[in-house]
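What follows is a single structure, written as structure tokens, with notes after it.
Chain lettering (A, B, C and D) follows the sequence in which the chains are written, and residue indices restart at 1 in each chain.
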Amino acid sequence: MFKKILIANRGEIATRIIRTCREMGILTVALYTSADRDSLHVRLADEVKLLQSPNRYGDADEVLAIAKATGAEAIHPGYGFLAEEAGFAERCAAEGIVFIGPPPSVIRAVRSKMEAMEAVKRAGYRVPLYADLPDVGADEAALQQVAKEVGFPLVVKSARGGRGRGARVVLRADRLLEAVRAARHEAELIYGDDHLYLERVIAPSHYLVVQVLADAHGNVVHLGEREGSLLRHNQKLIEESPSPSLNDTQRSALWTAAIDIARLFNFQNTGAVEFLVDSAGNFHFTEVKARIQIEHGVSEMIASIDIVREQIRIAAGEKLARTQEEIRLDGWAMQCRINAEDPWNDYLPSPGRLTRFRLPQGPDVRVDTYGYVGCAIPERFDPLLANLLVKGDDRAMCVSRLRRALMEFRIVGVQTNLALHKQIVQDPAFIAGNYDTRFMEHFQFDVSANTSREACRDLVAMTAVAYLLRRRVDAPVIPERIKSGWHRSARRLPS
Amino acid sequence: MFKKILIANRGEIATRIIRTCREMGILTVALYTSADRDSLHVRLADEVKLLQSPNRYGDADEVLAIAKATGAEAIHPGYGFLAEEAGFAERCAAEGIVFIGPPPSVIRAVRSKMEAMEAVKRAGYRVPLYADLPDVGADEAALQQVAKEVGFPLVVKSARGGRGRGARVVLRADRLLEAVRAARHEAELIYGDDHLYLERVIAPSHYLVVQVLADAHGNVVHLGEREGSLLRHNQKLIEESPSPSLNDTQRSALWTAAIDIARLFNFQNTGAVEFLVDSAGNFHFTEVKARIQIEHGVSEMIASIDIVREQIRIAAGEKLARTQEEIRLDGWAMQCRINAEDPWNDYLPSPGRLTRFRLPQGPDVRVDTYGYVGCAIPERFDPLLANLLVKGDDRAMCVSRLRRALMEFRIVGVQTNLALHKQIVQDPAFIAGNYDTRFMEHFQFDVSANTSREACRDLVAMTAVAYLLRRRVDAPVIPERIKSGWHRSARRLPS
Amino acid sequence: MHKLTIIIENKPYEVEVTPSRATPGDYAVNIDGQLLTVYVPDYDNPELADWMIVDDRPYELLFSQDMRSAQIYSGRYDIQVRDKEAGSVRPASGDGRVKAPIPGMVTRIHVEPGQLVELGQPLLVLEAMKMENEIRSPLAGAVRQLAVKPGQTVTLGELMIEIE
Amino acid sequence: MHKLTIIIENKPYEVEVTPSRATPGDYAVNIDGQLLTVYVPDYDNPELADWMIVDDRPYELLFSQDMRSAQIYSGRYDIQVRDKEAGSVRPASGDGRVKAPIPGMVTRIHVEPGQLVELGQPLLVLEAMKMENEIRSPLAGAVRQLAVKPGQTVTLGELMIEIE
């Protein structure tokens, strides 16, 4: 087993990886930028290196140089940054450093979304109707022609994909050009590659991923499926396992397909085989994510397997800890993605310093976060602040536990989407497990939710006392709240 | 099911109970004293009442009055205070309020330690050799005569018992009188009852408890055993499940005995059937704890059952959620009791305000606590601040996870026994699972543990910088550290 | 005794607050004739005070620094405090100056000086935290001034556009 | 540059500290000729500073308020800082005045005025947090003064016994 691993990432995933390394007796080298110096991953690592490059965690040269200087035998890329970069994985191999992820050839094969769909289609599985998009320079007529063949509604996607960024749904031909331009811009910004393709929209649909583990000895197992249909701007807000939308026949067919597809690509390490399930119940393969995902903890909870530990063991050449028969999927798990963003102000990012940060506790509640009281949340990176995970015997218990945990989670200092999550988990369709990818389009965030007439009167009383308390302490003149022009909808209180 | 429950307790157990109530959709009434007003249980409850009585949480009159005034249909006593008080349970029944615990007759039957041992002995199980102690006024000669019949070493115990307080080991006759006096004083102080008895010491031994659940319909199940041999001053520091000291034959015999004994007393609700296992492997019944225990979470983790939920369901007349066959004991779990006490100063209690309180996170780690950053830890109550629980696939994984979680747990503002726990989990005998009730007698707390020469030199550098930082901020004159005369052992650094 | 008018989402309440002399942190509050007791457990550290108990009901809540909004449960409310004693009325909110709500980079500007805009119309895109954030107009009116250019980095609170 | 003598568990080190002008929070530290870099991530809030990075090694640690002890990993060390510039030497610790380390009630007193006691000998029992806490003698000497009686409640830091 490795003695020292470099973690080429930040925030909650870097913290998550350090925990498993420490339990395995492996030393960790963490990276940080000055904006990230407060992050828990810097405090918990054995060794830390301040990044100099403007590319930060994505700078292959600097990351490799640090790995060599510190004597790290392996690099865990987490997600994003250097994950799913075949070139980087090759350079690691050339330097004699183990890249914790699939081999470069596998990364390449699955990274090209269109080639991957083509291969899976040949193997006899359904894939969405798609078409490669002409170059940036191509004229609109050619673009419209391709779109017409695919048919509307369609989605403009980055050929590099990942994390739902850079994807845009287009309902009508006259919106196509604008969407392609914006998607190119965003794809270039996020992935450094503006190659796009068009895909026919399957809607309504369910977004399902099957978590797989594969070792270098030909063993492939799955840890069940996750339902990721609860999306806002292509970002999963809540993910759960098992899926409430499948029957047992569909479920086992999906698992079999995922294992087949993983084998087709000679997949290794951990990944997610992703599908869209249409309203007729047909599943369409969309892509393989060749890395650990933000939502991996959901599968960890129902399978009782530490996926990061398995990743490291696989990378070290070990066999999978359990066979498919030995893996028991048990109970129901959910994850909420808690972002530092303001649900009352069009979800604008909300950097700042955490002055209160009280995690929910109790049985089968888990929070993965890089934050703590006093920690600064930087403005430069993804707003993901914490993953809240809960497990219950069944879905009803899981939902009630999630609701309880959300009520208990206290964050002051930055705005977060906690209030949005609190409202979603009280939505009847969500509670019934009856939702698809269109759920968030219809969901109305209620600015004054859950406040009874009594609570409103109590709020008046507390406001009066708070005002006097603040006067009493003679606080320095409070700066005017920043008044930007973003949208604000307000509802009147019950009166 | 109940609509509203009053929780007649404080701190972590009150917080723990509120969580389950909220998940069950039950409203909670919490009690508090002004010293406890910061506790999380006050923040999380639906309704809170400030106690007026000097008896605080143990005042039956006031608790009942509040239950009636608030319309609570049931009272959860937690542990200590009004738990195991048959008289209180009777008064609840008379008022039409459900006492969440065994019926008064059962509490009475198991509360008298000697009668309980007698009954179990008659049923064919081993119990320790014991003798009732003459009244307070009795002369020393009579006392010595009783002791001689029991034999030395013996332990002086409170007939009311519970939580290991008021018990004193006596090795020789000339120490007997002093021990009896001290034990009487402590028993009176803690239980309000100075009735004592003598019990022959079984040493070396293992202290094992079997967690049982029993409904009002005659169903009794166990959730496996816990090993509680790691004691300091009769208080369990670390408890684990399963026990590393039993073989499978012993284990199943112990489970069978526990179920038998629970049935013997017509036991209901949750409790712990406690045994001492001698070096020959014989187990001796000692007592039944007729309430939830501090360490219940260990059993919850391996059985995947919420014991508080079962308590409430049983009290509401429902059947057990699972039969013995449906209960699967899985993995290995441990709990550390984190006290606000100073391991460098003879474990003196350490009240104060938490300025840093960062809980360990990650897979299968749980912390039950009433604390948070900014919370004041009162001096008046038990120093128990947090229960740290972890689970792993097997004992090795569990220990490494516990070690990791302890490293990550950050508490500033009060002194705690975290450092002691960190050292215990690195002890070879503990790691091997090879320890008994004498472990802590031999364990040496090392004041300067784990500090390499490099870390020591780094400490010099950090001390210099810290000194300059403090000068720079021109802090107000720092008061001299309180210099009491308690014992302090210091070891020299490696040089 | 202190007299205040509290306006929550446009509904005014007449409030009288009297701190208890006997118990620190205790306040008697009279709202339009109804009597309530408010207890502030963190009274010795009002900077931290983020929870209160009203007649035995505990609430965790949060006031914005300028006391113009309160968050409670999963809702947020506009509030206004009029202090009769201090004789001051806090100014009405929402002039037309659009300031940067977070530090970031202006990537696109959708409007030109003099252009008429509707309430809620997108004005510009501010890139921060790897997201493109659309900034919309707080009023219906005309663009008086464009204080930023595409590609420009702005700090928190920096004026970007003025609508009149 | 600042010259200090740091004594840790009786071993002295000569230390020179130079704050970096370029990078706030960075310090160059020379210990008996060996050069180290110390970085204080919380340099903008030194009250919170409970961790530092020494040559890429992060440490969480804790100094007592009077800087007489430091906790790191699972150990605690006696420290002493001698500041040559300030010309002050912090006074040696441990006179014979035994003060209450926590508030509580004195339940028993084992000694009398004038009695000779050994180092570590139990002096009295202080009841707090539901525990009986034995307070022992910090020195060998004679009991000069008994400032408390059984049953008496003491506050934090209150003088209980003086040994000389």
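Everything that follows uses one rule, which is that a residue touches a chain if its C-beta (ideal position, glycine included) is under 8 Å from a C-beta of that chain, and two chains touch if they have at least 3 such contacts.
Since this is a predicted model, take the numbers as computed values, not measurements.
> Could you let me know which interface, B-C or A-C, is made of more C-beta pairs in contact?
Here the pair linked by more C-beta pairs in contact is A-C.
> Per the centroid of Cα atoms for each chain, what is the distance between chain A and chain B, given in Å?
Chain A and chain B have C-alpha centres separated by 40 Å.
> Counting in whole Å, what is the centre-to-centre distance of chain A and chain C, each centre being its mean C-alpha position?
The computed centroid separation for chain A versus chain C comes out at 31 Å.
> Using mean CA coordinates as chain centres, what's the chain B-chain C distance in Å?
Whole-Å distance between the two chain centres: 47.
> For chain C versus chain D, what separation do you get between their C-alpha means, in angstrom?
46
> Please output the residue numbers of chain C that touch at least 2 other chains, ranges allowed.
57, 60
> In chain A, which residues are in touch with two or more of the other chains?
Answer for chain A, listing residues that touch two or more other chains: 44, 356, 374, 410.
> Indicate which of the five shapes (line, ring, star, complete, other) describes how the chains touch one another.
Here the contact pattern is something else, fitting no line, ring, star or complete shape.
> Following the definition at the start, I'd like every touching pair of chains, please.
Final set of chain pairs in contact is A-B, A-C, A-D, B-C, B-D.
> Mind listing the chain C positions that touch chain A in their complex?
2, 4, 6, 8-11, 13, 15, 17, 19, 27, 29, 31, 34, 36, 38, 40, 43, 46-47, 49-50, 52, 54-55, 57, 59-79, 81, 83, 86, 93-104, 120, 123, 127-139, 156-157, 160-161, 163
> Write out the stretch or stretches of chain B touching chain C in their complex.
Within the complex, chain B contacts chain C at residues 37-38, 42-49, 374.
> Once bound in the complex, which stretches of chain C touch chain B?
Answer in residue numbers: 41-42, 45, 48, 51, 53, 56-58, 60.
> Under the stated contact criterion, what part of chain A meets chain B in this complex?
15-16, 19-20, 22-25, 40, 44, 297, 300-301, 304, 306, 330-331, 356-359, 361-369, 372-374, 393, 397, 400-401, 403-404, 407-408, 410
> Which residues of chain B touch chain D in their complex?
Going through chain B, the ones touching chain D are 186, 190, 340-341, 344-346, 348-351, 356, 379-383, 410, 412, 418-420, 422-423, 446-451, 454-473, 475, 478-487, 490-493, 495.
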